[in-house]
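The structures considered in this document are given below.
Paired with chain B in one complex and with chain C in the other, chain A is shared by the two complexes that follow.
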Partner chain A sequence: MASNPPPKPGDPVLLDIRDLRIEGESEDVWSPIVKGVSLKVKRGRVLGLIGESGAGKSTIGIAGMGYVRGGCRFTGGEIWFDGVNLRTLNERQLDRMRGNRVSYVAQSAAAAFNPAWRLMDQIVEVALIHGVMNRAEAERRAVELFRKLKLPEPETIGRRYPHQVSGGQLQRAMTAMALAPRPDLVVFDEPTTALDVTTQLDVLAAIKEAIEDEGAAAIYITHDLAVVSQIAHEIMVLRHGETVEWGPTEEIISRPKKPYTQALVSLRAFRKEEAPPAPPAPLLSVEGVTAAYGGAVTVLHDVSLALETGKTLAIVGESGSGKSTMARVVTGLLPPVSGAVRFAGAALPPRLKDRTKDQLRDLQLIYQMPDVAMNPRQTVEEIIGRPLTFYFGTKGAERARRVHQLLDQIELPRALATRLPTELSGGQKQRVCIARALAAKPKLIICDEPTSALDPLVAEGILRLLVGLQREEGLSYLFITHDIATVRAIADEVAVMFKGRVVRSGPLETALAPPFDDYTDLLLKSVPEMTPGWLEGALASRRMEGAGQ
Partner chain B sequence: MKLIFGVIFQRLALSLVTIFLVSIVIFSSVTLLPGDFAKSILGQSATPETVAAFQRELGLDRPPVERYLEWIGRVAQGDLGDSFASGAGYQRSVAEVIGPRLGNTLFLAAITAVIAVPLALALGVAAALYRNSWFDRTVNATSLSTISFPEFFVAYILMLIFAVNLRLLPSLANVGPETPLDERLVKTLLPAMTLALVIIAHMLRMTRASIIALLASPYVEMARLKGVSRRRVILKHVLPNAWAPIVNIIAFNLAYLIVGVVVVEAVFVYPGVGQLMVDSVQTRDIPVVQGCALIFAATYIFLNLAADVIAIATNPRILHPR
Partner chain C sequence: MTDAPASAAAAVAAVPPKRTAWRRLRKAPFTAWFGFAVILFYAVLALFAPAIAPHGESQTFDIPYDVWAVEPRLVWADLGPLSLPYWLNFEATGSMHWLGTDQIGRDMLSRLIYGARNTVGIALVTTLLAFFIGGTLGILAAVVGKGWFEIVLNRAVDVLMAIPSLIFALMLLSTFGSSLLNLVLIIAVLDATRVFRLARAVAMNVAVMEYVEAARLRGEGLAWIMRKEILPNVMPPLVAEFGLRFCFVFLTIAALSFLGVGIQPPLADWGSMVRENATLITYGDITPLLPAGAIALLTIGVNFVVDWFLNETSGLRDGQ
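Our next item is the complex of A and B:
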């Protein structure tokens, strides 16, 4: 490390981070978050940083701007940007460089734009405070970028406030803000993670075109290997604040060397085994349900679905498709305006309070956010034991024995029984939620995006567990998700929802195979793949269809 | 814009309903007050007949509902009634009794507000900007102690320093209708300083807290990463989003300046409404007590309404709907 001569201004390597060390504080204890990471970004090239949450990828990305978040501190290393070590600059010198020569695109544009300012004012602010353009020039430049990023009404969209444009448009506007002063380097911090998959494709393509066009170098941070493989020239895989592997994109995707990278690459290969054919035994049927919030906004239009015992019905759709509302109708939280829900041969009362205890017990739920679905002051044993007592009156030693059995079933050590939820990892919490649902001995479990808040490898573990439990217990799942890969992994039957209607349904093999309806086609083609050139192909086919219409 | 006028109109209507409800509460609690005006004027030795005659003259013998309806009916027309303390040939309306006192109270409140509000905002913003510096710590410690001391204590301390030791300011603020403006200003300064010390602390701490709460927002980090200086981040990015809570606490403190300063008035012998109300309660001058209470209630409601409107007007989500 010491033998490395310091970079000079104008070197082909624009950003040269050497042995970076950062610590974070939690409850007065400082612990390392980044443990000696080195990386290089060449001019005009894109480096992808990938890893699960807690890998330190965001921290490293913004450290490239000489910035650490509150509660963090640099403890070692050098950050050379175009021949200057950013760690030796004072705050004023850093301010002069930030936004101007290095800029940032945040994960949630909706939160990262100031709600009290019009978009244009926020975008030209960078050029104005750095004195690189006057207001008229800066506005012209912004409109030029709006056009390049394919924002609608490029001339006037800047007059709107952030809450007046959609999430995908905000993310483009933020990219325009980052590119406006013609920076040498842009740090993209999960810019498409919060977007729907069909929107993500457009934004991703717009970002890729814009940075190529502008000749800017970029650090692209994401947890999605497929996304990063479409945009980055090189990929660095991070885990627990350390580099696992770093190489050209092509090599990381097709010839990963480290087991962790190999696991990430082969992640989406998991498939549920084909179940032996059984006589059809209908368990749940939703018949012509129309539902509305506040009696006014209709979110489900005449939806019908059917699920058989021991099978999984996956409801796929993007935000606003009505898939979560569907779950609320089945659970009785939202009585439908018209239509009926039948369960195990009998009509289910539309209202939760009219249902019998057995009907409640038969239908259990697993939520997207295990953190908020558990009482933080109860131990794991109390959380899992509560339905045992409530439904079966199990108490004392017998209850403790059942809790241990359930912990075995969800593959968690029995010692965790005495822990509080805050002492568990995200995956462990979701497992406890599954055990709580299992404790009621239900016939049907409604899974509302149970894996979408989890890191990919952890999510796969949860899916394997759910499939295993289904085989052992003959459970049925109503599985709500926006992720096609998850559907392929676990579903027997599929229903695709779009704007409150089921646009496609049927067995997995036929529902997700051509010929498609327009929406399912768009949805499937938008799911990022690791194949080189996939992004361009997907866009081209979308344009051809647009031209053909 | 249409929307905002709709909201203002709605709040205004709600305020009127609130004032009406408050008037019922005021009337019933005053009616439930033990003792009555007739007895306290005529003294212990008065015969029941004289007391009854006097009560008849004042209308106190009629049932409360009837008296309330008559009172509220006249209030609606802007007439607060006549003070009991007026006699034949010495007729004084409640408005005449309260008028000059209210003028004094508003004068003191205005002087205090002019000193306190800008100072509190500036100090609050500066404390947030230089968070955890010696300046911030000093401001915090000082404001906490001025809040913790009772106001009369602060008043006497100031009096000791400025009136007794330095002999710069008069210790009594006994202004009258004929007092010229310059003398009035000098006499009002000590009570105004006392009140300012108390309310600056409140407003400053709220300003600082509202700003610091927003410093963790993603858009603040974004602004910093755009190269925006800390000072500009707070003044231009954070403050416009912090107005709602700040304006609320300002309204609350302004209301306090009008309705809650009786102790300070007493210490400086300042002839304000607070003192008047206390005196009127003692003499059971019911119309004056009711008038004061109603004015206090209206002040609270109006200032809170103003704060609400400002909070709405600074929220682009309401001002510029989708």
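Our next item is the complex of A and C:
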């Protein structure tokens, strides 16, 4: 690699990173984050960087701008951008280039915009600082980009403040900000990860069209292979700071060579085994529940659901659909305005404090963010052991034995019992939360998006574990999620929620099969697939429906 | 995403917590070490006062306002219109008392040493009591949440805080009489209001965490939630506040003693020692500044340690 002559200015290879090495510091210990990665981005082409968290994909992406985050340092390699090695430039020279020739789109647009400034002021700022345009030109350019990115009211939207536009629109505004000075390279760092699936589709399409139109090269960082396959010409798979595989998108998707890539591609093929037919035994039924926060904002309208023993009911919906509120009503954290919840043949008292210890024990919860669901000052043994002591009075050696049993059940080594939650990985944390729920020997576990904060492969492991436990222990799950693939993998029954109402419900086979209602149709069509050209197809079908209406 | 620090953090996670604590301490700056040394020195003085002090606490000798055993004397250079000190001479005076005696002939050094025991001991007890009251009520208010309990408590605290605390303490002490018990109770209650505010504010941030919700869903009682789920997670700011609060209490007691309603004679106390010997200042004798210096030194020492501790815990928060 080193024998290759460096690219000259004007070379078709715009960005040429060679043997990049970056270290990160934690408590005075420097450890490698990026271990010798080389990549090339040609002008007007999109390179997708994919990998789980900790793979170093964001670090490599921003290294393309000659930048490392605080607490990190370059230890080797060259970053050739348009014939210049960025590592040889000083801060002033880099500043002149950043935002101008290379720009960056962050994951959270909400955190990247200054809430006290109007959108337009922030978008023209870069162009003005670098002196490439005057104010009037820059504003004309911004409006042109708003139009390209299909923002509503492109002439006037720039006068709004960040909180006056939706999350998807803000993400598009940030893309406009990045594209405004006509950069040669744009680094997108998970720009659609925080968005709802139906919004993600729009933003993805807008970004794709805009960069094609502008002829800019891009690095697109994500953990979702389906998303990256729609937008990138080439894909690089990263793991533990090293390149696993690098090739054209079609090749990676259809003929992955390395086992890790194969696992990523075949992900979501997992399906729960068909359970043997059993006599119906209703466990939980929600009857005509209406719930409101603060007595004013009604978030659930007359919702009814039913779940049988040993089955999984998946509640699907986007943010704001009321699916998490449903969980709060069932657990007794939010007493409903009207309606009732029946559990195992008896009415559940609406308030938490009126419920008996057995009613509490029968109903356990697994949270979305395992980091905040466990007390950071308690060891794994204390976390799992507390329900044992609290509900069953198990103490001492017997308790330690049960904790070890539970650790075996959730497939974690027993040695982890003495660790604190901060010393565990994301997947391990979620497993400990599952063990804590299991320790209470519940009949029903409410899972509130337990896999959405985890990397795909880790999430699949958690789903397999949950399904296995259901078979062994005869558990029932109320599974709240926004991810259709997860529903397909584990649900027996499905309820689709939209704006506080159940718009569709029934067994998995019929609920997610045509004919659809409008919303379910939109939801299903928005789930990214790896098939080339899927994005255009999905958009076309959406446009046709829009025209037909 | 948090790609960068993840692998580095994983590498460190294997280090047992005790060793990291020791390593942090060893890396502490000079000021923190100085603070620790000062606190240790005072603790030894307070604990072993009877063994260390040359004379009894209230033992009187014949000569009041006796001079130091070795008198430092400045030697002045006469430069015409201007005279400047250029040398420090030490002259033995033949006095039996290292630092002289006070207004009724008690050994100054012995009273300084006993003063460490009384002033620091009482301040420590008072601060602990203030933290027990304020901390418990503050965390309780955060856990119970909105309701009449919180409203009543908050308004009561507002009323107590509205009156300048030194004047309020003076008034209460003259109403109830200045016994040691009254002194401790009154200052503890007044200082507990500040602790309450802090404890409630930090506990409110913790009370909304999902692990606290998980404990509620499990059916845990108030005591468990306060003690096991919340207290361990609000300790760092409370410990830092303890250090600062201790200094304030300490100064309040000294101030009250100086005003004559604090620790009563014949108990030795630095605040009243300043007042009793204040006249000496007029004669250029620095003896009354010694107890004041003792107060200042301890305050500075404790603050150095608190600063370092605050730095450490806030640094931890960045890393997470």
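In the analysis below, the second predicted complex is superposed on the first by the 549 of 549 C-alpha atoms of A that agree within 3 Å, B and C clash if a C-alpha of one lies under 4 Å from a C-alpha of the other, contacts with A are read in each partner's own complex, and residues count from 1 in each chain.
Here is the rule we use: a residue touches a chain if its C-beta (ideal position, glycine included) is under 8 Å from a C-beta of that chain, and two chains touch if they have at least 3 such contacts.
All of these numbers come straight from a predicted model, not from anything done at the bench.
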{"item": "Which superposed partner A:126 touches (first chain B, second chain C, both, neither)", "value": "first"}
{"item": "First, second, both or neither for A:205, with chain B first and chain C second", "value": "neither"}
{"item": "Contacts of A:65 with chain B and chain C, given as first, second, both or neither", "value": "first"}
{"item": "Partner chain(s) touched by A:523 [first = chain B, second = chain C, both, neither]", "value": "neither"}
{"item": "First, second, both or neither for A:25, with chain B first and chain C second", "value": "second"}
{"item": "Chain B versus chain C as contact partner of A:95, first or second or both or neither", "value": "first"}
{"item": "Which superposed partner A:112 touches (first chain B, second chain C, both, neither)", "value": "first"}
{"item": "Touched partner set for A:33, first chain B, second chain C, both or neither", "value": "second"}
{"item": "Chain B versus chain C as contact partner of A:300, first or second or both or neither", "value": "neither"}
{"item": "When both partners are placed on the shared chain, which of chain B and chain C touches more of chain A", "value": "C"}
{"item": "Doubly contacted residues of chain A, that is, touched by chain B and again by chain C", "value": "69"}
{"item": "List of chain B residues in touch with chain A within their complex", "value": "216-219, 221-230, 232, 237, 240-241, 314, 316-317, 320, 322"}
{"item": "Residue ranges of chain A in contact with chain B within the complex", "value": "62, 65, 67, 69-70, 91-92, 94-100, 103-104, 106, 108, 111-117, 125-126, 129-130, 160-161, 163-164, 177"}
{"item": "Parts of chain C lying in touch with chain A, wherever the complex brings them together", "value": "1-15, 17, 20, 209-211, 213-214, 216-220, 228-229, 232-233, 319-320"}
{"item": "Complex contact set, residues of chain A against chain C", "value": "24-27, 29-33, 53-59, 69, 71-72, 107, 189-190, 223, 240-241, 331-333, 352, 355, 357, 360-361, 363-365, 367, 369, 372-378, 386-387, 390-391, 419-420, 422-423, 425, 436, 440"}
